[in-house]
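Letters A, B, C, D, E, F, G and H mark the chains as written, and numbering starts fresh at 1 in each.
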Amino acid sequence: MERDKALKLLRSVKNGEISPEAALSAFTEAPFTELGFAKPDNHRALRKGVPEVIFGQGKTPEQIRGIVAAMKETGARDILITRLDDAKASALDDIPGLEYFETPRIGVVDRVKDKPLKGSVCVVCAGTSDLPVAEEAAVTAEVLGSRVTKVYDAGVSGIHRLLAHLPELDEARAIVAAAGMEGALPSVIGGLVSCPVIAVPTSVGYGASFGGVSALLSMLNSCAAGVSVVNIDNGFGAGYLAHIINMTNGLP
Amino acid sequence: MERDKALKLLRSVKNGEISPEAALSAFTEAPFTELGFAKPDNHRALRKGVPEVIFGQGKTPEQIRGIVAAMKETGARDILITRLDDAKASALDDIPGLEYFETPRIGVVDRVKDKPLKGSVCVVCAGTSDLPVAEEAAVTAEVLGSRVTKVYDAGVSGIHRLLAHLPELDEARAIVAAAGMEGALPSVIGGLVSCPVIAVPTSVGYGASFGGVSALLSMLNSCAAGVSVVNIDNGFGAGYLAHIINMTNGLP
Amino acid sequence: MERDKALKLLRSVKNGEISPEAALSAFTEAPFTELGFAKPDNHRALRKGVPEVIFGQGKTPEQIRGIVAAMKETGARDILITRLDDAKASALDDIPGLEYFETPRIGVVDRVKDKPLKGSVCVVCAGTSDLPVAEEAAVTAEVLGSRVTKVYDAGVSGIHRLLAHLPELDEARAIVAAAGMEGALPSVIGGLVSCPVIAVPTSVGYGASFGGVSALLSMLNSCAAGVSVVNIDNGFGAGYLAHIINMTNGLP
Amino acid sequence: MERDKALKLLRSVKNGEISPEAALSAFTEAPFTELGFAKPDNHRALRKGVPEVIFGQGKTPEQIRGIVAAMKETGARDILITRLDDAKASALDDIPGLEYFETPRIGVVDRVKDKPLKGSVCVVCAGTSDLPVAEEAAVTAEVLGSRVTKVYDAGVSGIHRLLAHLPELDEARAIVAAAGMEGALPSVIGGLVSCPVIAVPTSVGYGASFGGVSALLSMLNSCAAGVSVVNIDNGFGAGYLAHIINMTNGLP
Amino acid sequence: MERDKALKLLRSVKNGEISPEAALSAFTEAPFTELGFAKPDNHRALRKGVPEVIFGQGKTPEQIRGIVAAMKETGARDILITRLDDAKASALDDIPGLEYFETPRIGVVDRVKDKPLKGSVCVVCAGTSDLPVAEEAAVTAEVLGSRVTKVYDAGVSGIHRLLAHLPELDEARAIVAAAGMEGALPSVIGGLVSCPVIAVPTSVGYGASFGGVSALLSMLNSCAAGVSVVNIDNGFGAGYLAHIINMTNGLP
Amino acid sequence: MERDKALKLLRSVKNGEISPEAALSAFTEAPFTELGFAKPDNHRALRKGVPEVIFGQGKTPEQIRGIVAAMKETGARDILITRLDDAKASALDDIPGLEYFETPRIGVVDRVKDKPLKGSVCVVCAGTSDLPVAEEAAVTAEVLGSRVTKVYDAGVSGIHRLLAHLPELDEARAIVAAAGMEGALPSVIGGLVSCPVIAVPTSVGYGASFGGVSALLSMLNSCAAGVSVVNIDNGFGAGYLAHIINMTNGLP
Amino acid sequence: MERDKALKLLRSVKNGEISPEAALSAFTEAPFTELGFAKPDNHRALRKGVPEVIFGQGKTPEQIRGIVAAMKETGARDILITRLDDAKASALDDIPGLEYFETPRIGVVDRVKDKPLKGSVCVVCAGTSDLPVAEEAAVTAEVLGSRVTKVYDAGVSGIHRLLAHLPELDEARAIVAAAGMEGALPSVIGGLVSCPVIAVPTSVGYGASFGGVSALLSMLNSCAAGVSVVNIDNGFGAGYLAHIINMTNGLP
Amino acid sequence: MERDKALKLLRSVKNGEISPEAALSAFTEAPFTELGFAKPDNHRALRKGVPEVIFGQGKTPEQIRGIVAAMKETGARDILITRLDDAKASALDDIPGLEYFETPRIGVVDRVKDKPLKGSVCVVCAGTSDLPVAEEAAVTAEVLGSRVTKVYDAGVSGIHRLLAHLPELDEARAIVAAAGMEGALPSVIGGLVSCPVIAVPTSVGYGASFGGVSALLSMLNSCAAGVSVVNIDNGFGAGYLAHIINMTNGLP
């Protein structure tokens, strides 16, 4: 519960408008919908500025459908469903207003289409195989309201391809850098720009890439300042974080 | 062999009622049924208070059928078969008295239905995807005789959902807390309650969750006292342990 | 804040005895002492039944001294300081009422000496080298108020040494089983008794014991039900948990 | 070389002011000082907005002295030397203008003292043992020009201590959350606030904390959006990143 | 080339029976059949006392067929093909004299049926799910010529089942002990018997068993002397080693 | 951009033949084809002596087709596509001039057939199951222009098979040694020859081979000098490196 | 208790020579000395053929002194104390009859000097740095009664040094092969001989040897049959096992 | 034994100049000096072109002294002793002709000073802390006879420092690239040059660098072709390999 509402509630107790018992109940009553198998968090937008996002992996289509319905009832829009594979997307295609992005495996329900996009988030990836993760970041940031530019297949083994895009990097307020294998891209970018770089290790690779661990470790050990890391293949998290950095207001 | 029986046996030797050779045989004769591929432990209820439980994974339907039959012959009831996937459950659906729980993948043979449920075990899980593990704990504890309450989808990213259930947590005599990903739930619960908290890491997650290792490590390193941990996805073990703690007699 | 106090506070608001602003402040005011470098949790005894315990490792003697002083002011007794090495213990030996246990590296301030010990906790360890961890569990449980019996050096390579102590195991309400190397002890005990077994892996061993990881994994994978695990060398956690299980009241 | 300078250089070539050969040399001539054992990067402030920072670990006092001297010659101030242990700091105490912070092991040369601090960075840590890392973040952000507030010893096992500081969390433009052991703190904070949370795993703990790996994995798997992670014990990196996020200009 | 043959060859050179060039060729000529994709080692029986064994995994049916044919040409019998899954076994069922053991996935070509079995190898396993590995060891030792006894499903959670078979353990000249999960079985057996115990970790288990790593580490850290370890699921290796220990001649 | 071209460009600026702005553009304009999802690096042959190679894994057939087309337009021949599984190869069999090697899963487009093969690369592998990796190295080196000899199934458990091929090893200018399981082959070869040995761990094995990690570690720890290592199963990388070593010109 | 004694005891009960209560006590009375901190296993020689061995690491000199005294009282000789570092050995040098071997860090109390050595155990090591482990195996086997030959510094990078010792290898009844780094030695030996090879990984190496893990994995994955593995640096275990294999009686 | 000598020996047997027994002895007699604790390999120069190198770590000064003496007797010069720490170097400073390099911890005995240096090896390192490893490579290559250029402190966070040295990179016939932390340097270099790049991960870093593992994995997963890897901190191995590549003769 937000602080203003709390104070108002306590004033109502003082005024005798509601009983202490009811107030206590209000204090402990959760601002969520109880579905038994899930508790969609209706207050998340208040706390976080962005509504709850549905993590599609490991949920049945029925569970997803139920959560979407509960969120719609509270008036939510731009409802993101991440890690929604093709099969589940098909099973859910009767949900009104569901738009599906195949490469990043994202569904969006009731997207607000005419929202003006702001600032600048740049999404870079090292190779063509990193596209699903890069697109997950890009779609997330865009749906949330950021303007997004893309620099794909710009890995360090042909560094001129990256340097050719220095203008895009320079004008970004936050950069998402996705790479698998040796994961060197964010370090190189981090040495070139002044804005925050969000490194996303991808599971692209084989052998000693260990499903993205090699790239993850590279990124955590980056000798360039201003680089931080999210989980392997977590394009959503990177796009989300880039968006909120991008949206930071100016200092007073 | 329990000690009373051992003493009685030795007295019979003294009385000449049985020969020393037969007594030795009795001492070393195993209280189990020899099936060749398995040795169902008929004395487990004597030692442990709970009959043998069949671990279904890695056994053929024929082997499970054989073990169930051997246990039934010794009069066992409430025979639990864990990690029984759909296919095997179908292959075994001609076993009389088999009840199958799909989400937790548990079979129960000859369930004693009218058993009064005692005390209070609370099963909490962090997300909807943790349900199979949480349900395995809940069904186990309930079949063994504990009264069970459930608080599902109460992860720490929206902590008010957990705090709204403080009453259920407070009245529990043992709590099972299942979580994947960062596995922070048991630590937070452990800081709020006075009863034992049994943490169950789940394999829910991706990337650096390493199939539950991240959650496992979090739980082992919990800074809250009173928390202990079972294997990844071991809902059965957690439910079993919660049950025996719940059933602890009062101090004299 | 405990629930009774919360309700009383809200009733005072209704009665006009305190203002809503003050009540809000009370709701959010933390029941801890602010030391800058630490926030001793004065309400822990209310929530957990046991006062805050000081983790000595990584704290300077000055910091420990400050926390002890703050806790004493709130009337705390039986103040446990764990992982207190010899050097720090010497540096603190001017604290009045500090008793130091060398093997388990535990300090206790203002111990309540004539407290009656209740129930039965049995602490077992596999080898002589496990003594520091076993003693940490034993001293913890005893200081908290449990009666403790000890079975030391009873590892599985000479299993008759363990079987000779079946009576102690049988009468325990909770067992702590500490072992390094292969960590097989808790599984064997878990197969013999009906009470909960708290397994503590120790860092005793060399080579592929990996500082206790081998024992930890063994214990997590125990095929015996009723076994749960705490962190490597976490004798304190095991003793604490054994104590609260031991103290469980009887079912109504 | 920055783009404006490049264009100017090319214009000089056109004007015949300098020869193509000299221009080529300028293009490839590195804007750094060659010391043989090191190449202090004099253009870093141009590219990154913050001058080069000296990583003290693994460098001899003589090498550090040499780099500081080279940087001073280019007019650098607020020269940070991180991971500077006591012994090296003593060996360097004849450097004019060196200020040494003992807890975070940071040296600053020629600090600009009257710099106005801007915005708000909040540094939170879970336990007293995390102070060296938390202070490294705090001192870094402050030396770079951010206003910093501190909430120390606010771990999740007594969550009311954290909730008591919600106002500080709410007003922050970027939060650094340092924790060892189970590393749950950033996830809980991430669920409560809307600004970016930079998680710093610390090596505080023992046994299965594996020198900070447990906390690192927890943080990477955080179910709260807006959380990213830096290397274990990398207080500097977290403070640096928090600073540049804090300094982000408003959107046009 | 064995030493006797070498000496004889050199004597022939001396006698002028063969030229030095031919002798050199003989010295370096490999006693194997060159198939391009494989080099069946025809001299292995001379060096090792047991003919080459075909590792079926990762070979195509055509390759296996070719190797078998080459070995048959040199007069080999009792040709073992390990890790031969059902599909490959079917594809090869036209090889004359091929006998297939389904549980251990072993094929034997031209088995010498009336060979007298000698000595005593005892194969023990912890659970029913360990049967494939245990049977691989048993079939291997038996085909090579050892008499084999089996004690299956005798894990440490019901230790009386193992103790009931002490006579079989006592009379064995080598014991194979296969176990997954916590892998405690070999340690307990190692404490009871005087002959060598060959521990085989199996991949049976889930979660923190990590595909047999937990059992492997347990076994490597066994506190019982006389225990050594082979690779996870390497029933063949264990059976082979037990056989050669069993066949050891008496001391002069 | 190569240096000669750069100097020429600057001279054109001086001569007024092109404007500074155009020159700057040329300097930063990337010598690659922008496909959106990929940026084929057309200058790689200039920098590396070998054209870009397409990593087929993780790319869709459409993406591969697009990259091949772009490369063909720039006149590239001998276009290698690695990790091209059967299904993708079939989907691409309408590309004119595509030759497919099934065992090493390599496609070559527009192979220059009558190229004279030079020098000597020897590819050795330990077992028949290592053939796909060994062949990937062999085909790569041969397509690039090296003469290749092959010694397959020459693992250390029958070391005479390797010693029989000492002549081939001795005349090689670079050796690729591929092995799975214990990965001992490169160490033994490294002790016998004077040329560089490129060790390729393969994922052949089971259990504690951990998908090639065991072999990888063996090779990294080789006590023989002159051995270096590439990624697990990276036959392409090994063949490529062997080729460029083989092609090294003589010293002046 | 051995079986013969058990039967005799039961016959005494029958004859009324002892009471059933006394017999029960005898059955459960452990054949060990209770020292509180240790339980020296006096019956180990009966069960295992070799008396208890004292693992010196992690025990205080006082504890070791106590265990030695207790063992001497039961008439034990050839008492081995392993992992006894210099400092402890000095602290114990007043124990009568203590002989100390510095390289392998072994103490022997009351060694039976004129014992005839039997059979043949060959101890091989890869490099000079492996000597402590190799000597631990050699001294152990010799003290227990085996004749031992040594082949030191015979690693695979100069394989002729090993081949020069084929006669010693051939005549051995059991071989201990110790190696660090890549650990290839046991595989090569395993391919050359027919007797069991006990592989001992040593912690010799650096970097990716990970304290012996690389060698351990190599040895577990050995493609040569007849090889088994003990823990890293476990020279004692290898020597012990080699001894009992060496002592195996001939088949009837 | 080299082949020519073998043939000559056999001819002598034919001629009756030596007996078959003596010839056999010659064949198996190892071309090494037997020191008991070591077997210096006197034929290594014949096989490998470079004499045996002494790995100083884990050897006592006495052992090193003995090996040096044995090698000197066979006329060896340029005897390298690697990983020779300060203390051992001091203990050995009475060896005539010993030259000690402090940073790379290398000793050289009887260095051939006026040897002409050939070709070009370039040693690059990422940071000042990598100097010990880089210097180990550089000194090794130079002592063996290669001309060496050095580019130190040229990590990817300020990539212009590397690009400024493109001429040195371009003219090298082999490049050693040493880096710790994220280990990105070899990938970037590998994308810029056509000669082989030998990547050396260093243990420089902290936290998730895991003593060089992060850099090691990055390098193994390099997306640039022509890169291979040696063990962590293995500057010697890299310098050795660079030298033999550099010395490769031209193709006929």
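Going forward, a contact is a pair of C-beta atoms (placed from the backbone, for glycine too) under 8 Å apart; a residue touches a chain by one contact, two chains touch by 3 or more.
Fair warning: this is a prediction, and the values are worked out from it, not measured in the lab.
K.L.:
Compare the contact pairs of B-G with each of A-F, A-B or D-F and report the one sharing over half of them by residue number.
P.N.:
D-F
K.L.:
Would you say D-F or A-F is joined by more C-beta pairs in contact?
P.N.:
A-F
K.L.:
Suppose each chain is reduced to the average of its Cα coordinates; what separation in Å results between subunit C and subunit D?
P.N.:
Centre separation, subunit C to subunit D: 38 Å.
K.L.:
Suppose each chain is reduced to the average of its Cα coordinates; what separation in Å results between subunit A and subunit G?
P.N.:
It comes to 58 Å between the two C-alpha centres.
K.L.:
List the centre-to-centre spacing of subunit C and subunit E in whole Å, with centres computed as mean CA coordinates.
P.N.:
Spacing between the chain centres: roughly 49 Å.
K.L.:
I need the residues of subunit E touching at least two other chains; which ones are they?
P.N.:
3, 55, 127, 157-158, 166, 191-192, 207-209, 213, 216, 220-221, 223, 225, 231-232
K.L.:
Considering only the defined contacts, which subunit D positions touch subunit H in the complex?
P.N.:
1, 28-32, 35-39, 41, 43-44, 52, 55, 57-59, 63, 67, 83, 201, 203, 211-213, 216, 231-234
K.L.:
Tell me, which parts of subunit G touch subunit F in their complex?
P.N.:
Listed in rising order, the residues are 126-127, 155-159, 180-184, 187-188, 190-192, 205, 207-210, 213-215, 217-225.
K.L.:
Spell out the part of subunit E that touches subunit H in their complex, as residue ranges.
P.N.:
These residues of subunit E touch subunit H: 3, 6-7, 10-11, 13-14, 16, 19-21, 23-24, 27.
K.L.:
Taking the touch rule as given, give the residues of subunit E at its contact with subunit G in the complex, in rising order.
P.N.:
3, 47-50, 53, 55, 118-119, 166, 173, 191-196, 198, 216, 220-221, 223, 225-232, 236-238, 240-241, 244-251
K.L.:
Quick one: which bits of subunit D touch subunit C in the complex? Just the residue numbers, please.
P.N.:
So the residues of subunit D in touch with subunit C come to 127-129, 131, 152-154, 157-158, 160-161, 163-164, 166, 204, 206-209.
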